[in-house]
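Next come two complexes built around chain A: one with chain B, the other with chain C.
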Partner chain A sequence: MSFPWAKHYEPVNPLMRYLDEKLPLPRLVYNAIGGGYPVPRNLNYMWNFGVLAGFCLVLQIVTGVVLAMHYAANAGVAFSSVEHIMRDVNWGWALRYAHANGASAFFAVIYLHIFRGFFYSSYKAPREMVWLIGVTIFLLMMATGFMGYVLPWGQMSFWGAKVITGLFGAIPVVGEPIQIWLLGGYAPDNAALNRFFSLHFLLPFVIAGAVILHIWALHIPGSSNPTGIEVKKESDTIPFHPYYTAKDGFGLGVFLILYCVMLFLLPNYLGHPDNYIEANPLSTPAHIVPEWYFWPFYAILRAFTSDFFFIPAKLMGVLAMFSAILLWFFLPWLDKGPVRSGHYRPLFRKFFWFGLIPAMAVLFYCGGAPAEEPFVMLSQLATAYYFLHFLVILPIVSMIERPDPLPYSITEAVLGEDKAAVLGENATPGV
Partner chain B sequence: MIRLIGILAGLFFSVAVLWSLGNGVVAVAGQGYLKEATAESEFHLHPRELDLQSNGPFGTWDLAQLQRGFQVYKEVCAACHGLKFVAFRDLSALGYSDAEVKAIAAGFQVPGIDPNTGEATTRPGLATDYFPDPYPNAVAARAANNNAVPPDLSLMTKARHDGSAYVHSLLTGYRNLDTFSIDGKHVKDEFPDFSTPEGGHFNPYFANLNIAMPPPLTTAGQVTYAEGQPKPTVDQMAKDVSAFLTWTAEPKKVKRTQVGWPVLGFLLFATILAWFAKNQVWAAIKPKKPRVV
Partner chain C sequence: MADTTGDAIPGTVTVHDAHDGDGVRRRDFINIAAVGAAGVGGVAVLLPLISQMAPSADVLAESSTEIDVSSVQPGMAIKALFRKQPLFVRRLTPAEIKAANAVDVSSLRDPETLADRTKEGHEDMLITMGVCTHLGCVPLGAGEGENKGPFGGYFCPCHGSAYDTAARIRKGPAPKNLEVPEYEFTSDTVVKVG
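Presenting the complex of A and B:
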């Protein structure tokens, strides 16, 4: 986005001038993340997670490509090849743990990034496209993570694949043929493992392309900010470099410390011991659970235990699990009010902190628990609230709420006063 | 329009899940209990804490203990359990010299081919070989072990919760079903139908309470330790083999934590610098008054 006051790229160094003339990549970088991109001056640390997510993507691609040099995607040797990486490949243990914990880090960062989007209504106009691409990235991440977990071919890899690919069988009429076509067989076996490896290698690059579109779409209107008020003038913004490069650098340091604590000291804490047992189609684990980042959706899937009219329970669970994410696509049109930031929406905040967050916490916990009481009943209550929150409560709240008065501008919010503040018909808060 | 469809969809899913909830509540009310208690859920014991030198973020290998543990594996466990991800050459990490490793390898028979006739046979191991499986295939393993396959032990301490402690507790945890009790409650009183099948052994540390493996460590001195080593009591042998299996599961464990601390130290230093750098960059424009949002 070029606000009229954005700085222009003026290379002094003759080499940079030459490069910029032949291929304006230096100019592109300057305008995207350098001094040429004006950003609201009041961004808080919840705005760090986008950059951290990009870092995680690069980390996963680098560690993944090197792991792929040593991994063998054949059902007979996959598990052994991972142990070969852990024991014989130089620093193989570090690569493997970096990649496995990197996936957890990536999802943790993304959930916080999405959580920011929910609270500050980042999805509202004019940033709907940023949001739509973002939800697409999340779906691609889930597919990538699911297929990646199958690759070590441990017990959880195999049985998790069996459960999730089995869901396709729930689709009426065409479900089973589709399932067999996707798997390349009647159950996860060598055919499924090979194609999962191929797609797991491909999708991160699709994600990278989507991330470029995501950032491009954001840079058209420019970043939002904690007040939810759009940028009006130069004093509302500061150049991305050096202010946010410095702030993101610090945030990256904190993230790397937490990530390295997991990698070096607690590398198997988030994993399941059963995945250190080789896949055995004849031996079902006591409890089949996916990795922690899928738990809320797994809880929703397992919450539907009774048939509903003519719809079997299994199909209800599948529809609900996918709808739980697909409904995010519609948020810009479900929650349409003019006020963005949760800071100025007291009724929205109550439902957010006392409704959505506890419901998600319950769904997270129950997703990792056995499919027994009381976890099933808790999941059912939390699932009911989840769907009511996004599809019923938010539209109604956005129609009836009375927001708190907004500051005139970002400048007023940050500095306490804005000498250019204007009253009357010229004032347009929240736009 | 979207909001209308959204509200209908929201009500559809909520009502459907609350219908499931209602059915569940009715079922639980009819049963009278939330979750059925079984012998396995009531009498399964979690592993007792095991203090190994390799435990924790500052652990190191106790090479003498690992060597004793290897001795226990070789003389007791190797008869039935494989160690297929460990190569003989890996044992040099336990402090054995090259000559000792060669001798250990040569003491095992590994699958080979007769150089004259080409038929399958066995030959003495080399350092590059992996520990051989005691049975040629799963069918032979089951036939010799009451229809149960003795699992490979390479990753056992990572394949179970609290794996190191689990192995020690399991090996020392065999009990008499008739006399075993927790808080004064006997298994036979609470669950009269529970029994140990023919060929099984009662061990409350095992998830199913009945394990096919007979107690492998029964008498002190079953394995003779070298001069200067602790006495080979059942508990000591169990501890030593747990330590050895902790090593086999992750030979790089100690190196991992030892590399981790300097990395974390550097990151802490760099992050503190980054904090001060960030504040210095922002000092020019940070407002002195507290801001609204």
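Presenting the complex of A and C:
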């Protein structure tokens, strides 16, 4: 599962030798994130976000378990139990803000992690399984984030729950029974709140399990790198520890500074004031938007305003929103190009920076804006480009584009020359 | 760390510069400073995670209770709630006071006189926790018609601890007398406990 030159775990301490014989957990860690995992030597800072996402998952589980010690999942007292956490519980304000802003931080690093994958085509063979598990983790995160947002039982919680479960109501014939079944009632109430709490507690551990599979699948081919060419020999790699533990440690420090600025100076910046009003089934807030990390998909949902052939607009919006993510599952097969890194794909790169990224930015902005012109039209244009990009442009570009010349090896990409390239089997006559 | 692995890989710069006379490299300093800061930060994070389990402000706000004792007649007791635990407030009869004072203090398991366990001028008001000092059950004897045990005070049905009229342990497994909480008379008839 690793390169032949990977260093072997050799415990010196007799206790560690005994442990290695009975339960080789330190060996597993050594081979996963220690000196025993050789990593391409040229990873840039975009490769920090996997570790940061792992950190965020731990942060959310720790603060979440603590909050669950004080929170009461009952529609009658949920709202005041959150106020109890904010006012009465020792450090409760810090723990709740850490959890709420931790969710934002988690999505922020995950989006950067995904965009790293888009640009460097990390989804391509032999890492398709890594990508598929990753998209699954993202879906689980969205479900977890949504259900967590319902728990404070404020106005946004309630109407968020109503609107999102309403999405299932768009399914023909069985939609409404499914919605009623999901909520355990005709509108969000105690039954819904209780099941959301139960699942919100469970799913992070499912995510943790999926993360283990994600890393396992990654470690079979080994990490990708900014050139997109595979590791050929030992000089292309360095051990994970100390090189990337140090680099990830630095990235974690920068991340924590930004996180603490949000946590201590702008704790409610990403939240909605309406969620400090207790849930009221008789009054919808004037401007109802989800959390920022759902904005692009929310914009796609709202982009469909009229019936599309025989499909009603409501159903079309829901289908489009789910397809926007489900599409990612097919990415390894939609992008047929043999070259991975965007650095060596001039045409792909143009569509990436001047097509996909602006479209995502527009969707992001429109998702947070009110449902009125010009935002609706902008969402429609951006939605159209989004699907066009993945379903048409990317497959065609990947077939017709002529990639830039690749370096012989990672070593050559880093040092400007690789003696093996001259002397080895790939030597060009006359050089 | 860098030296040992660095040499094996062509092009990896091995840090031999920035040496000072004692052999401490700049990298060592940065390493120790970074790991030290992370360690201090990690320990600091434990503070909120641990103290969040301590009683919260609303629990602490309920940590004192005011009780009007004017309605408690001699020979009668009431049960109140103090910090979510039962509190026995009992007005002793002259006979009970006499019985309590007749005991040789040095023969007791937890030697205390009745005067030690009441306030001056209110020797007939016996205010104790209703929590058996053995394993925390509520002893009988405060309610009307309850078994007061062989010593006329309180009797714990769980494991048979018997307390006398000054709520001192006399028989059974309990190690201590029923606890007298901190309290004061804010007027002749009102007691503030805690």
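Just so it is clear, the second predicted complex is superposed on the first by the 420 of 431 C-alpha atoms of A that agree within 3 Å, B and C clash if a C-alpha of one lies under 4 Å from a C-alpha of the other, contacts with A are read in each partner's own complex, and residues count from 1 in each chain.
By our rule, a contact is a pair of C-beta atoms (placed from the backbone, for glycine too) under 8 Å apart; a residue touches a chain by one contact, two chains touch by 3 or more.
Quick caveat, the model's predicted, so the values are computed rather than measured.
Touch criterion met: A:T227 reaches chain B, while chain C stays clear of it.
Applying the stated contact rule after C-alpha superposition, one finds that A:W353 touches neither chain B nor chain C. When the shared chain is aligned, chain B comes close enough to touch A:Y276, but chain C does not. Here chain B and chain C are compared by how many residues of chain A each touches, and B touches more. Of the two partner chains placed by superposition, chain B and chain C are both touched by A:R41. By the touch criterion stated above, A:G249 is placed in contact with chain B and with chain C alike.
According to the touch criterion, the shared surface of chain A, contacted by chain B in one complex and chain C in the other, consists of residues 41, 87, 94, 238, 242, 249, 253, 256, 414-415.
Across the interface of their complex, chain B is touched by residues 41-42, 80, 83, 86-87, 93-94, 97, 226-227, 238, 242-243, 246-247, 249-250, 252-254, 256-257, 260-261, 263-265, 267-268, 273-274, 276-277, 286, 303-306, 308, 311, 313, 316, 319-320, 323, 327, 330, 333-334, 336, 341, 343, 372-374, 376-377, 380-381, 383-384, 387-388, 390-392, 395, 407, 412-416 of chain A.
Only residues 35, 41, 62, 66, 69-70, 84, 87-92, 94-95, 234-235, 238-239, 242, 249, 253, 256, 411, 414-415, 419 of chain A touch chain C when the two sit together in their complex. Taken together, the chain B residues at the contact with chain A in this complex read 2-3, 6-7, 9-11, 13-21, 23-25, 28, 34-35, 57, 85, 90, 151, 154-155, 158-161, 163, 207, 249-252, 255-257, 259-261, 263-264, 267-268, 270-271, 274-275, 277-278, 281-282, 285, 287, 289, 291-293.
Those residues of chain C lying in contact with chain A across their complex are 1-2, 5, 8-12, 34, 38, 41, 47-49, 51-54, 56-59.
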